[in-house]
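If you scroll down you'll find the structure; I have some questions about it.
We call the chains A, B, C and D, going by the order they appear; numbering starts again at 1 in every chain.
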């Protein structure tokens, strides 16, 4: 993923991993509080979207490919999370 | 581009994907087999129902009618005909064929005995009681 | 023709076309019975005509597949067929058995046929598409095994290409899943559940491997594109086919007594089923555009491209139209299904067989391609048949939508026959279009006998 | 095979690994995507049932499994980095650790399934559990498939079949494994948390 010669204190991928772990814990924490509502739902789903993009771009290495490939995953993600959001907002009166 | 798209990998995905999804299909089939007794009421399959199914098959009824929506679309759906018409009507109807009305669709005369007609009705009655997730949409089938 | 033994494909192709004509004639009889109900009654009741129509379709497609295998496999494996004699013997057995079965359907009442042929020992008859008497079914298994033995032995002793492996896999799958036709439990729900293991896993599973292999073979021959490229796309396409198609079986498990979750599995996976067909269309056009030579057989190329497009339209688009459970709830068991069935079978399996025959027949008759006028006539037949099947599909779709509207929606639904009377106009249009189809088929056969122009013999 | 070594600033025409696996990955994303959306809309028709049933899920084990998969995915990143520098054995060890975490995931998941199945819950219990079991079992099978792929790659790496110039195989397996992780990242909040 990264070149060995760059003088990193921690590797970029390790940083990504730590952020992903932290975001997961935050999602779990929100789940434990039992909160609900549009804002909470959007926060949780938004966190998931950010995490997916991090995995796709940094772990799967899509950020160093043509936009076509990033676009497919991003488009899929926007479509799926968008439709999920619409489905959830439908239930909010 | 072609160096990183190899036939070997495409082949592996084909075999892997096929096996994977067939296993999933077997798993779902297994679960279906566990669940079916609650839905098809197989405890009600009497000898009469079994004989009725045999008559249904040996007269090739499926060649004109649908049963639970499967078959030919030339004649009415019979999965719910028992609830639509009732047993006596079905017996009388089969016995009265063909109508001979000119230009109208005709059903052959099968010369069924009274016992066979009863079996046919028993089969259609059992079929009408299968849990079909509320299909057909209405009584007309 | 590179190998002597490829010649056994010829009788298979001729028989296939002959049976195709029979299928269409009985289709026209049925179409007429739809509008004039008592036509030919009681000599040929509708259910008998339908049995002949669908069984002839299956049998001629099988003849086509076998002929294709006998033609392709020697060329792919670069070796003579294991046993041409066995292939010819099986041809006659299959043809005679098939003909006797059809005669049986037409001559004796079905129930009599059943008791004559041992249906009481093992009842398997009277289920849609599997109406064949027990002895015919056993005969099919024997012929299939002998055929598979012959083909497998040929592949074993020769070069093993991906196309021949995929073809072989498809043909073995065909035989294996046919075995479910012998399983007929007295519980209708179980019966239907496993009936689809033959029917669905054939047409939306293993047959597509055969289809893919045949299409890939023809494309390699007419375009000269690198085998490696075509074969890797073949693998990707059939991988997608099975990934979506196997669980896609679930779209038949919505309303036959099976658990509710099949509505989700069936809808999701069968909604993805158009993808491999779309890929196949793109693939066919892509390969033809990248062609490295101009093959003189333009008609075969046209059929190959047509297969891609029509399979996508018929199997992909028309399948998708009514595959989602909420839609299928209303369309299940109506003329919409018939519309989809006609275009899907024509677009996928009829056309790929005609593509193969169109490519191979001139070779089997000692030329690279037919003369210009003969090819022109064949292309006319292509357009006549293809356009008329499109219209048949459109008319049946219109009939189906109206049928759903009249019979299944609203507060005062009509009864079945009352609804049928309302949509009679579409059945008339369908029947007339059917005659145009027949005209196309006649022209197709005529093109074989066209004497005008020089046939191209340069290899 | 010349241009296979990926350096940090180059833009590549194709994603890492064999392009064929990407067709598979996109097909899988599509299938799961449709299932996710179907879940959301089925929930919209049945909010009370979904919210009530969701209470009975073990959120802690879902969260731990997320951490497990993310970490496992991270190990595969390290495996790819190792092989790019030519460390075959190190690469095999990273893959082995990734597989090990795969087993941890399966174990936790099986405990969860055991709890549900012994409570008599099945695909036909209600719509929520139909989705919960379908999605998680479907994903569960993908984890197993991913582990099989990784195991094959690990053996090849150990035999020294990969090198800095030729490591497409490792990247192929890693890409698939990341996808399995990526799907769970959506599945977990969707089914366990959001209400």
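Worth pointing out:
The rule we apply is simple: contacts are C-beta pairs under 8 Å (C-beta built on N, C-alpha and C of every residue); 3 or more make two chains touch, one makes a residue touch a chain.
Everything numeric here is computed off the predicted structure, so don't read it as measured data.
Ranked by number of C-beta pairs in contact, the top chain pair is B-C. Among the chains in view, C has its Cα centre nearest the centre of the complete protein Cα set.
Of all the chains, the one whose CA centre sits at the greatest distance from that of chain C is A.
With centres set at the average Cα position, the gap from chain A to chain B is 47 Å.
Distance from the chain B centre to the chain D centre is 40 Å, each centre being the mean of its Cα atoms.
Averaging C-alpha coordinates per chain places the centre of chain A 14 Å away from that of chain D. Shown for chain C are the residues that touch two or more other chains, namely 232, 235-236, 239, 243, 259-261, 265.
Residues of chain D found to touch two or more other chains are 13-14, 20, 23-24, 30, 123-124. Residue positions of chain B touching 2 or more other chains, listed in rising order: 5-6, 10, 13, 17, 20, 24, 31, 35. Pairs of chains meeting the touch criterion: A-D, B-C, B-D, C-D. Contacts from chain A toward chain D in the complex involve residues 1-4, 6, 11, 13-14, 16-17, 20-21, 24-25, 27-28, 30-32, 36, 40-41, 44-45, 47-48, 51-52, 55-56, 58-62, 64-66, 69, 72-73, 76, 79-81, 83-84, 87-88, 90-91.
Chain D contributes residues 20, 23-24, 27, 30-31, 34-35, 38, 42, 123-124, 130-131, 134 to its touches with chain C in the complex. Contacts from chain B toward chain C in the complex involve residues 2, 5-7, 10-11, 13-14, 17-18, 20-22, 24-25, 28-29, 31-32, 35-36, 39-40, 42, 45, 49-50, 53-54, 56-64, 66-77, 98, 100-108, 110, 126-127, 130-133, 135-141. Contact residues of chain C toward chain B in the complex are 30, 33-34, 36-38, 41-42, 45-48, 50-51, 110-111, 114-115, 119, 123, 125-128, 131, 162, 184, 186-193, 228-229, 231-233, 235-236, 238-239, 242-243, 246-247, 249-250, 252-263, 265, 329-330, 332-335, 337-338, 407-409, 413-417, 419.
Of all the residues in chain C, the ones that touch chain D in their complex are 232, 235-236, 239-240, 243-244, 259-261, 264-265, 267-269, 271-272, 275.
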